[in-house]
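Chains: A, B, C, D, E and F, in written order; residue numbering restarts at 1 for each.
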Amino acid sequence: MKFGIVVSEGPYTHQASDSAYHFVKAALEAGHKVPRVFFYHDGVNVATSLSVPPQDERNIQQQWSAIAKDHGVDLVVCIAAAQRRGMLDENEAKRQGKDAHNIAEGFRISGLGQLIEMGIETDRLMTFGD
Amino acid sequence: MKFGIVVSEGPYTHQASDSAYHFVKAALEAGHKVPRVFFYHDGVNVATSLSVPPQDERNIQQQWSAIAKDHGVDLVVCIAAAQRRGMLDENEAKRQGKDAHNIAEGFRISGLGQLIEMGIETDRLMTFGD
Amino acid sequence: MEDDVKKFLYVNRKAPYGTIYALESLEVVLIGAAFDQDVSLAFLDDGVFQLTKSQDTKEIGVKNFSPTFRALGDYEVTKLYVEKESLDERGLTLDDLQEITWEDEDDDYEEKPSIRIVTRAEMADVMADQDVILSF
Amino acid sequence: MEDDVKKFLYVNRKAPYGTIYALESLEVVLIGAAFDQDVSLAFLDDGVFQLTKSQDTKEIGVKNFSPTFRALGDYEVTKLYVEKESLDERGLTLDDLQEITWEDEDDDYEEKPSIRIVTRAEMADVMADQDVILSF
Amino acid sequence: MATLHTVNKSPFANQSLLSCLAHAKDGDTVLMIEDGVYGAASGTGLADAMVAMASRVALVALQPDLNARGIAAARLLDGVKTTDYAGFVELAASHDRTQAWL
Amino acid sequence: MATLHTVNKSPFANQSLLSCLAHAKDGDTVLMIEDGVYGAASGTGLADAMVAMASRVALVALQPDLNARGIAAARLLDGVKTTDYAGFVELAASHDRTQAWL
C-alpha cells in the first residue's frame, strides 16, 4: 500500500515530525511504500541544514535525510510556506538575492501541487501536525 | 516604565510576534522604555534573514530590525533554542562548521541569562506566545 | 473510482489570524482546484469563524484573506459544509457569514449559494464519504 | 524589594513531549538558578503531567528530561507548587509524582520535599505574590 | 497589587481562558487578545460563565483583534470593555504584574 | 468503509478529542497519539465520557506515547487497546481513510 505523509509542524517544538518519522519507518519496514512526504506550515523548518541539536538529542533533519537516501522517499518542502519562514534552496536564494541557503540534502522545494498529487496517487494520506 | 518582552512563537504561523511588535511600538510611542526583547522557543525563527514573504504581507523580521535600529531595542535570540532550530549567526556557523548563517541585522544570539536579567531589570515582563 | 476522480475534503477547525492554518489551508484549496478532483470544504468547531463577515485586519497588520472565500466559485469550489452545532455554540447564524455563491453553468448560470449548513450528524456523513481528508 | 531580590514564578501548564515548552522551561529554571532570585515553580492544568513517575521516552526517540526535576534541589530550587484540582481532574495523586527533595543546610541537611500540593485558591495566592511570571 | 492576565486562545478550542478566570483574583484584569477575543462575544455557549466572572474581574478585549475577526461592538458581552494597543500598554503599566495564559 | 481518526492533543487542554468522538461513526477507530494518550487514562474527569464512547468506536492508544508519559497499563480505561507504530501502520492500512484531528 502507498502512504502519503503530511508534516505540518517544525522540529523539536512539536512531536509531529517525530511521530511522522516513526510512522514512515514502520510503514517501510512492513513492506509498504512511502513515495513522498510533504512538509507544510512550520513543517518546512524540518528541512533546515543549520540545526545543531544538543549531543544527547536526536537530529531530526538527519533522520529524514537518511530515510530519503535509504528508501528513495521524496521529501518535498512547500515553496510558499518556506519563503515566509526563511527556508531557501540554492536556486531560490539566488533568485531572491539572499546570500545563504538552508535546505538540507534529501529535501527539495516545490509547489502545493505536489501535495494534491500525493493525495491522488497514494492509497492513504496521513497528517502529523498540531 | 521599562518593559521586558518575551516572544515565544515563530513568525507568520502564530500571531504572537505581531502582537508583541504592536505592543512594543505602542509602549515606545507612550514614552516607555523597551530595553530588550527576548526570542525563545520558535520565537527564534523571527530573526531569520532568509524570509521572503509575499509582497502583500508584512515582513515581520524587517519590522523588528527597524525597531531595533530606530529605538535601540536589544533583540536577543536564545542560543540554545536557536541551535536546535537552525538559527545561527556568523560566529556560531563557523564554530559549528556550517556554511551559512541566517540571523538578520539587529538581532544578536546570546544565552538564557539574558532573559533572567531582563526579568530583574525591567518593571514589567510581557510574554507573547502560544 | 470514476475516472480517477477522488473526493477531497479540506477540514477547517481553527480560527483565522491567531494562527496561519486557515490562510494556508485556503492556499491549498486554490492550487488544488486545478486538479479536477471532487472538492469539498468542511467548517466546524472554530473553523466556522473563518467565514464571518466584516473582518478588518488593518490594525493587526495581518493580511485579510476572507474575501478570497467569495472567489472560490470561480475555481469551481462550490461545496462549503458548515456545521450548525458549531455555529450555535459560538452564537452565530448563517446571517453572520459572508454570502458565498457560484454560477451553475448547467442551469443558465444561476447564482447558487456555496454554503450548506449541516448538522453534526450530516457533517460526520460528509467526512465518511471522502477518499482524502486534509486537516488544518 | 529586599536586596534587589525579585520573586520569579515559572508557570507550567503544558504536558511534556507533545511540545517542547516543558523542556525549554526547565532549561530556563536551571540557568535562572544562578541569579540568586527567589524562585518558585507552579504546575497546574496539564503542567502536572511533567512531574509524573516512570516516564520512558525510548520508543519515541525524544529525550527524557523528567530526572532533571529531581536535581532541582542542588540548584536551590526548592518550591514546586502543584495544584490539587489539576491532579484530581487528571486522576493523579501525589503518589503518581516523582519524589523531589532538597537538603536544608540550615536544618542539619535534612531532606525535605520540594513538592507542595496546593488548592486552586492557594495557587492563585502564590501567583499574586510574584514580581515576575514566566509562562510556558 | 493587581495582575493583568492575558489570554490569546479561543475558549471554544482551549481551556486557557477558563483556567485564567478560575485563578484571577478579585480586582484583576483579564485582557483577551488574538483568538482570545472570541471569549468576549455574547450569545455563545460560554457567555453565562463569562458574565458571572465579570463582577469579580475586569474583562477587556483588544479592539484591533475584535475588528480582525469581525466581532461587532453590538455582539460584545455586557460588562466587557475594549481597548487598543496603547490601552494595552497602560493596563500593563497600571497593574503590578502580568501573567500570560498560553 | 471505516475511518481511522488520530488525535494528538490532551483532552484536558483542547477540545479536539471530544470533537473527534462526536463525529466518529459506529465502527470507526480513534487512535490517541502524542499528548492525545492522556485521554486513555482512567479515573479522570473525562473517563465516563470516554467509556460511553468505547461501545461505538474502537479506542486505541499508542504504547510508545503512553510509555513516554508514564501511563501504566493498569491505569488505562476499560476497553482501550494499545498498539505500537507497526500496529498504527496496520490500522491506517485496514481503514478506508484517515482523518487527523489537529
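Going forward, a contact is a pair of C-beta atoms (placed from the backbone, for glycine too) under 8 Å apart; a residue touches a chain by one contact, two chains touch by 3 or more.
Model, not experiment: these values are computed from the prediction.
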Third chains touching both subunit F and subunit A: C, D
Shortest walk length in steps over touching chains, subunit C through to subunit D: 2
Chain whose Cα centroid lies at the greatest distance from that of subunit A: E
Most distant chain from subunit D, judged by the mean position of its C-alpha atoms: C
Copy pair subunit E, subunit F: interface residue numbering same or different (half cut): same
Approximate Å spacing (C-alpha centroids) for the pair subunit B, subunit C: 35
Subunit B and subunit F, separation of their C-alpha mean positions in angstrom: 38
Centre-to-centre distance between subunit F and subunit E (centres being mean Cα positions), rounded to whole Å: 33
Multi-chain contact sites of subunit C, meaning residues that touch two or more partners: 13-14, 17-21, 45, 59-60, 62, 132-133, 135
For subunit A, residues that touch 2 or more chains besides their own: 12-13, 15, 19, 22, 41, 57, 80, 125, 127, 129-130
Shared-contact residues (touching 2 or more other chains) in subunit F: 8-9, 12-13, 15-16, 34-35, 64, 84, 97-98, 100, 102
Contacting chain pairs - touch in the sense defined above: A-B, A-C, A-D, A-F, B-C, B-D, B-E, C-E, C-F, D-E, D-F, E-F
Residues of subunit B defined as touching subunit E within the complex: 1, 3, 8, 15-16, 19, 22-23, 25-27, 29-30, 32, 123-130
Of subunit E, residues touching subunit C in the complex: 8-10, 12-13, 34-35, 38, 41-45, 47, 63-65, 67-70, 72, 75, 84
Subunit E residues touching subunit B - in the complex, by the definition given at the top: 6, 8-9, 33-35, 64, 84-86, 88-90, 92-93, 97-98, 100, 102
Complex contact set, residues of subunit A against subunit B: 10-13, 41-42, 45, 48-54, 57, 61, 80, 83-88, 92-93, 96, 98, 100-102
Contact footprint of subunit F on subunit D as seen in their complex: 13-19, 45-46, 49, 52-60, 62, 64, 66, 88-91
